[in-house]
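Below are structures written as structure tokens.
Both complexes below contain chain A, partnered by chain B and then by chain C.
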Partner chain A sequence: MRNAVMRRAVLTALLSLAAASTARATDLTVGPGARFATITAALAAAQPGDRVLVRAGTYREATLVVRTPRLTVQGDGWPVLDGQGAREVLVIAADDVTVRGLVLTNTGVSSLEDRAGIRARDARNCVIERNRLRDNLWGIYLQRATDCIVRDNDIVAHGAKQTESGNGIHLWYSSGARVERNHIRGHRDGIYFEFSTLGVTRDNVSEQSQRYGMHFMFSDSCRYERNIFRDNNSGVAVMYSRGVVIHDNRFERSWGSAAYGLLLKDIMGGEISDNVFSRNSTGLFVEGSSRLDVRGNEFTQNGWAAKVLADADQNRFTANRFAGNAFDVTTNSSSANSTFDGNWWDEYKGYDLNRDGVGDVAFHPVRLFALVVEQHPAALLLLRSPLVSILDAAERVLPVLTPEALVDKHPLMRPPR
Partner chain B sequence: MRRLVPPRRLTILAVALLAALFAAACGARGPEPIVLNEDPCDFCRMTISDSRFGGEVVLATGRVKKFDSVECLASWARSAAGKGGGTLYVIDLQHPGSFVPATTAGFLKGATLKSPMGQAILSFADTARAEQQRTMLGGTVLTWAQLLAESTAPGTP
Partner chain C sequence: MNVVALVLNAGLRDLSRNRWIVAYTLCFFGIAEGLFWFGGTGPQVLLSLLNLVLLVLPLVALVFGTIHVYASREFVELLLAQPVPRRQLFAGLYLGLALPLAGAFVVGAGIPFAVHARQGASLGGVAALLTAGVGLSLAFAAIATWIALQTDDRLKGVGIALATWLAATVVYDGLVLGAAAVFGDYPLERPLLGLMLANPVDVARVLVLTQLDVSALMGYTGALFQHTFGTVLGTGVAATALVAWCVVPLGLAERLFRRRDF
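Right, the complex of A and B next:
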């Protein structure tokens, strides 16, 4: 009797196992001569856990919507999914979906909808990897998508001079995202985090953006490291956020009257460490931000290495390296509240009699002339005039106008690291 | 040698030119076109990059302040500087890049289209046009005065 029960149990278990294995990982192949002629048909037939394998070719279909959870949509030989200038290409609307190896192109321009190459909408744990996005209004758009991964994608915007363009990778109310090793070129903002907390952005290259290489708004507790931002029209902007960590990135070649290597506005608390700011009109611009730890960065060949406005307070600059900048530090008022201590300045002309590696006289990084230029930009014409040099020298000996707090009392004799 | 222009005509020309210059300098100034991806917003400092959104203030001195969004224009209008007056303009979303006076414009708040500061505020030539678009874009129709009274800081959608 007991034996019979056991046998029945084992049989049931085996049967259910068999059923599960048939339900798992079926490949639905799409392409000429394959089981499915269109991706739309394969998506309609797919069961959770299946894989839709898209063979090489060009597919012109209505917007594809993935509604099956745990589905993988994978390209084999770079199939091209073409929006024909009229529509969004692919939408992920289920959890645990992976999209990989596709070419998504040609959404066309619209002023009333934000069309994207790939959109993840109200989905969790999506993975978007190794895709090529070409000539789309928006590249990858995460809209209330949680804990998604966007990595190794190559994203190039349509026509370089087009004024209407969306962003390369856009996150809106999408927390816990990981954005890694993507290459983005020519979009309005390369990467944009909007109301998206706890994100990590790492090892991306974002260049030639029409506006910002990266842009953060209202996105707390995000971390970004080892990214390269170069030749972006206005640089990088991080705004209205708390607790950001900006580590080991390169901010390069943003030139223009309103261009900044990194613009920080209304940032409360955070770390800006070991970054390189090179050849920007202004390397680092800080406004309305407080309690930032700015440490171990390199500022070279910028117009202004750092502009720290008076409404920014309790920011600490330590162990940074300033070399070859037209102006090292400037501000807009004599009542500045940020501190500089233990940095290396190539302009420092002091001495170190006790040989402890720290200069014996303080360094005033804010040139008097920098304050003049802040008030009257046209005065910049006089940058190399001898009179200006005399003014600066006089101010260095007897500081009267430059901010009291903006003094490095322990300038390093040798560059850190 | 013959003169190219008789002296009397030259005088008239000079006077006319001066008068024209004077008129241009004193005439009521309207909004200035926004240079996309160049002009920064005078409230949030973001570079303005979307011709469908934005606003401007022309101050009594003739100075123009540019904004990337209705949100920033409203924030400026509610600030101490904004209490000083000036003529306010907003972009007509149906004609990107072109301005209409804020006081007669119509607005949609909480629409399906996102605006630069995240509150989904769209501006149209008047409330009738905003009402027309509401069927497609959703949200609530507001006048400038209503919007000013109700909108809060940027970032609170």
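Right, the complex of A and C next:
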């Protein structure tokens, strides 16, 4: 008897608790014939923890600002939020907000303000996922947002000029961000980290950017993994940062005199491992960086596989594969401040008498012709000429002009892995 | 009976019985196949063959061509005793030399690429290499015919052929490199492109470069390069220049042949 009473009391308590929690998480439906006609009205009525459910349709409203914490703004059937070429579309200005399933479009071009499809401003733990952004000046803009997640978004800008375009995903003073599985096309910079530390960028595809597929400035301790950067006007640039890990990415088809698969400038300490650099004018460009561990990368069919300037020091290149490049390594000095050891070079013609897999003759990766082209760029037209082969062969036998110190003393006989 | 076909037929029979042309085919086949065999990937084999094409093809076409024209001398004189149009006789003579040379290269170098199609040689690259090889064969066969018709002294003819080969493959590029170094302060893009078109070996090389090394060529600062090599225009210009290098020497040789007193 007492037992039954107890049981009923517990049940009632549980039920009331459930009721209370549903009261806290209400769905506010927006759309034609729904409870709210505009998203603005729904956002004004929302309580923390609510969900604003936007039905299919096109919404032309003033810039939407989410000020309610723990709110979820979710699209149902890809509703279109149109900035009408005049304004920013959606701003997240509260913590723990999730934005999902929306189409944000047409912010228009402005020279005075950085209009974004979605902006997170001074927010923590926001989640921006599975949205489509079309023809916005800036795509997703995190501004002093901490520990936010940006994933599975599809961001496209059409036919914009570099001067009239913003970045696909832009982070400014936003630490701890995770940028994953996004697809970005046609913006100025695909992904831009500025003063944003401890970020992780993973599994994104960034292509056809007006400038860089990815651009990092002053962003320490970030990881970039398994991303694909291709057909970007100037490739990828990582500058003025420490402790960068760049692992298992693909850098493809950056063509032009100032285009680099990956440009590293003033990077202190970092790992560049297991990436593929393919068909770039310059695969890897290293300037003023030190203590980089460049390991296990594949350089194929680039114009210049690696340009390592003399002001870059104590960098180690090991177990990389160089194949089918017009030039494997070039530098601008006769001294070698970076070391190459135990790489595989398809141009290596040495032998391995003791069969330990390491060539018995050292390999000088800098060709004489590379130095000639460095000084007389027009001579590039003589690439692959028999004369050039003869000159290179002569220089390899009796190195006079190429940097003697830049040498791989343990060239591999077979490509690693 | 068409005289061109007759003379061509005679030339073909003569050449097919010739062990050199067989050896020539087998040489290309052996080298290309060998490169694949010893672990070369498609692009690597292409590049190695490119060097061979640029050096060996002109040499064989020039030396073999001049010798062939000298060797056909009595046959030509015999036919000229008949009522035969000289133009047709010349066409037969040239085609009987050029077609086996070009054919031997295409067969010898083409088959290994067809067999190892999966090893990653780009179709454009292979096509460019074969086109360059065929163009070089035809052009240098025409030049060889021209050289052989200019002098009756066989030794002198072969000597001129060898000198031509050395000039076209190595010396010319050396001069261009020197010019690029000396006049490095001037805008050299246009003159240099012009210089490339003025030598069939360089034309053939640039044709292959536009397919294999675009990434490097696009790294050059000049906008002209980007416009030339970034589009099909570069390939088209190079191919046209190669055709011109077949037609012009051939026309000169044909003129010589028609006016010549045998």
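FYI, the second predicted complex is superposed on the first by the 390 of 417 C-alpha atoms of A that agree within 3 Å, B and C clash if a C-alpha of one lies under 4 Å from a C-alpha of the other, contacts with A are read in each partner's own complex, and residues count from 1 in each chain.
One rule holds for everything that comes next: a residue touches a chain if its C-beta (ideal position, glycine included) is under 8 Å from a C-beta of that chain, and two chains touch if they have at least 3 such contacts.
Here the structure is a predicted model, which is why all the values come from computation and not from measurement.
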| item | value |
| --- | --- |
| Clash or fit (per the criteria above) of chain B with chain C on chain A | fit |
| Superposition-derived angle with apex at the Cα centre of chain A and sides reaching chain B and chain C, degrees in steps of 10 | 80 |
| Partner chain(s) touched by A:400 [first = chain B, second = chain C, both, neither] | neither |
| Partner chain in contact with A:383 - chain B first, chain C second, else both or neither | second |
| Partner, of chain C and chain B, that touches more residues belonging to chain A | C |
| First (chain B), second (chain C), both or neither touched by A:353 | neither |
| Chain B versus chain C as contact partner of A:172, first or second or both or neither | first |
| Touched partner set for A:326, first chain B, second chain C, both or neither | second |
| Chain B versus chain C as contact partner of A:256, first or second or both or neither | both |
| Least Cα gap, in Å, left between chain B and chain C after the two complexes are fitted on chain A | 10 |
| Intersection of the chain A residues that touch chain B with those that touch chain C | 256 |
| Contacting residues of chain A [partner chain B, same complex] | 111-114, 163-164, 172, 188-189, 194-195, 210-212, 217-218, 233-234, 237, 239-240, 256, 258, 263, 265, 287 |
| Chain A contact footprint on chain B (complex, rising order) | 36-40, 44-47, 49-52, 93, 96, 113-114, 117-118, 136-137, 154-155, 157 |
| Chain C contact footprint on chain A (complex, rising order) | 253, 255-257, 259, 279-282, 300-304, 323-324, 326-327, 346, 372, 375-390 |
| Of all residues in chain C, those that touch chain A in their complex | 41, 43-44, 47, 50-51, 54-55, 169-170, 173-174, 176-177, 180-181, 184, 188-189, 192-193, 196, 202, 205-206, 208-209, 212-222, 226, 230 |
